[in-house]
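Chain naming follows the written order as A, B and C, and within any one chain the residues start at number 1.
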Amino acid sequence: MVSIGFWKSALGLNIASQMIYRLNFFLNVVVMLMFNLTFPLLTLLIYTNSAGFPDWSSSEILLFQGFAILLWGLEQFLLSNVSWELNRIMRDGQFDRLMVSPAGPLQFLVATNLAIEVIPQVLLGIGIVSFAFFNLGVLPSLKAWLLLILFIALGLLFMVSLIVIQMSLIIRFVQVRRLGELVRILSLFGQYPANIYSKGVQAIVVGAIPFALVAFFPAKVLLGTLGEFPYFAVAAAIAFGVIAYLSWSSSMKKYTSAGG
Amino acid sequence: MIIEAKHLSKTYVTFEQAHGFSASLKGFFRRKIKKVDALKDLSFSVEEGELIGLIGPNGAGKSTTIKILCGILFPTGGSAKINVGGKAYVPWITRKEYVKNIGVVFGQKSQLWFDLPPLDTYYLNKSLYDIPKKDFERRLEYFIDLLGVSDVVKRPTRQLSLGERMKCELIAALLHGPPLVFLDEPTIGLDIIVKEKIRDFISEVNKKEGVTFILTTHDLQDIDRLCKRVIILDKGSIAYDGELEKLKKNYIKEKNIKIIMETELKSKLKLKGAKIDKQKGKEVELRVPSNRVHEITRRLVNAHELLDITITDPTIEQVISHIYRKK
Amino acid sequence: MISKFVNLGLTQLRRDLAYRADFLMSLFVTPTILIVNYFIWTSVFSTGTGTVAGMSFIDMMTYIVFAQLISIFIFNSASIQLQQKVQSGELGQDLLKPIHPFTTLFASAVSSRTVAFLLELIPLGAISWFLFRPALPVNATTIFFIVSLILAFMLNFIMSLIVGLIAFWTIRIEAFQWLTWIVLRVFSGEFFPLSLFPQKLQLISHFLPFEYLRYRVALIALDNSMENALAAIAGQLFWIVALGFFSLWLWDLVVRRFTIAGG
């Protein structure tokens, strides 16, 4: 791990680089917002036209939606540019450059490709979560707050693991274009509260590929409606973390053995 | 000793490419393994403060050697120890810590951010390598002064010429004060004036700061100007490791002369003391001993009408074949 | 002649595969959207009066299926191709050819879709049949549906041309293409019926061309109203003509700018 100073510096350069074409940056912000708010928009329209999802009042779903926007936004801030950039780097044979960086290729890649245009979305997410929270007037216990932090951390671990696995494949096979897009499409399942799915699908979304960790459980734990502790989701997220670590090490080993 | 390499070997395992339908089908089930020996039993050592040229024909193993010494590739056999920053490193084992002590310039691949001024990249590196403020500012001022780029570093990289970029690239690689620097084709594609400036810079830093440089290049002028010692690689082994002067004296004893004649000769060109390598139409390529260039050229010019004449140093390949012939 | 057509189609299909970021994914996009929508609407309809914005559950799912079907049918990569022609300078060569580039773009769009449509229809059909056995209503308005589908293709093509031509002014601003693309998709009712929007927005939408891409076409399949079908087709024809002229005018503008500025 390199110092916080490096990340601060890298963030500064990312911002400076994006700000050169102001109009393009502004439009990028708008595009990202529209892109990511399309399905929350659907939720909004559902609630203005009907009673909404079972077990979720309109103020409760707002909290859920806020978490979804915030946490997926964080993931995009860190990683949405990374796979694209790595593809380009592998194709141009520039990976050696990353390897001699003291930050290591993974950290360097992420730090130098932060998606600044998603920051407004993250702020929006924070705003919605705060608004919904105060609107609901719930008083979560200390245990609930701790669980919240745990779920958010695990949700991020899960999302990051997916990307790291994809990057490992890119390093190994150079051209792996569509996998990231596939993951993004499947993450659609995580944009809605998991209880709307049938038992079978729920089992997958909660236990096997735990998209539900991203917004569903954090919202539920703050609302006090968590119920049983989601052992499977937690285990699955950790499993993904382990798989990501192993696949990355394996790809690194192959690269240092066979060269570019 | 800053670098100690012993019996380094590197074998790549590749799969043979299948051609044709039936071979592809067979290849699907069992692929033939092809082993390529990129390095064979390479041993050498480097003292601190040396400026060494690493040369050889393409595929000789230069980049493989550099990659191993940078820690981004591990060898199949042998060992390498690098003594920097008060510690002895095996580069590929503790890569992340090791690379803090080296500087690398990869020819055309730049570490400068494209849309931003090089200065921004320098400050990023300051935090990346944890360079103390005083050292950073001192070195920055020193290098900018030496290369004369005080305005250049403030302009976006994409606006800079190739020469300006390479100068800024060199600074980026040296700012954290590495005692060992690898330069891979640093003067490729540059005009003669910029090349001279860069060579002066490298020489100055080497002498004043005692930085050890390993330089790979195809430009023999680079070697001539900068390196006291050269290591010539050929097919994964060291063909020559010693002083450049000795190399010149013992092995580079000829010069190439290429002429274009006014009228095509009907028979083979006869010139005492010269060896004819190629004669096609009006073009003739010949070799003459270095100490007789003047005399033979005079005879040539007197005897024939020439449209053009070029005199060049021998190529690396010629030097190597010379070395082997001597052996 | 037919083989040339098929060849052109296959070449274009291969290019579509490379250009369209989600072609391979479209094998997953459509099923995922269908499945997620199925669950969303099943749970929404489980608590409530039985209609949402005037549509029943079957109505809603039928709408989603038809919206996807229309999307598959009308897709084209003309805007991307135009964009690339502008950026690469290929546009100059096209000006020398005797055929208007719009025509060649249209021909390749048609031929590629003919092949791809059938391919992509398979996962769509399979998933929707599996989920809720939709009854395919074949009646008098079916002919109008098919006509409207073809008109929607043309309308989408013209809109793609316009978006692609705008690239000429916004060469450094890729975000603009994405923006128009998203607006087009959301406000044409690709992901949900426009009837969900509040009345005021729906009113504004009536005066815009977007709903004629998908929403109005899907409605023809949903309700059996002849009048709605004819109104939709009339609207489509209006916008095809209006935007068609606009695109030709825009093209002239680009050519003039282009030839003045040099190749």
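Quick notes on this structure:
Simple rule for what comes next: a contact is a pair of C-beta atoms (placed from the backbone, for glycine too) under 8 Å apart; a residue touches a chain by one contact, two chains touch by 3 or more.
As the structure is a prediction and not an experimental result, all values here were calculated from the model.
Farthest from chain A, judged by the mean position of CA atoms in each chain, is B. Among the chains, the centre nearest to the mean of all shown protein C-alpha atoms is found for A.
Averaging Cα coordinates per chain places chain A and chain C 30 Å apart. Here the spacing of chain A and chain B, counted between their Cα centres, is 44 Å. Between the CA-based centres of chain B and chain C the separation comes to 56 Å, rounded to the whole angstrom. Residues 2-3, 5-6, 8-10, 13, 16-17, 20, 92-94, 96-97, 99-104, 112, 255-259 of chain A touch chain B in their complex. Note for the complex: chain A touches chain C at residues 21, 23-24, 27-28, 30-31, 34-35, 38-39, 41-42, 45-46, 48-54, 178, 181-182, 185-186, 188-189, 191-192, 195-198, 201. Those residues of chain C lying in contact with chain A across their complex are 21-22, 24-25, 28-29, 32-33, 35-36, 39-40, 42-44, 46-49, 52-53, 172-176, 178-179, 182-183, 186, 191-192, 196-198. Remark: chain B residues 12-13, 64, 67, 70-74, 92, 95-97, 99-100, 102, 104, 106, 109, 111, 113, 115-116, 120-121, 123-124, 126-130, 156 touch chain A in the complex.
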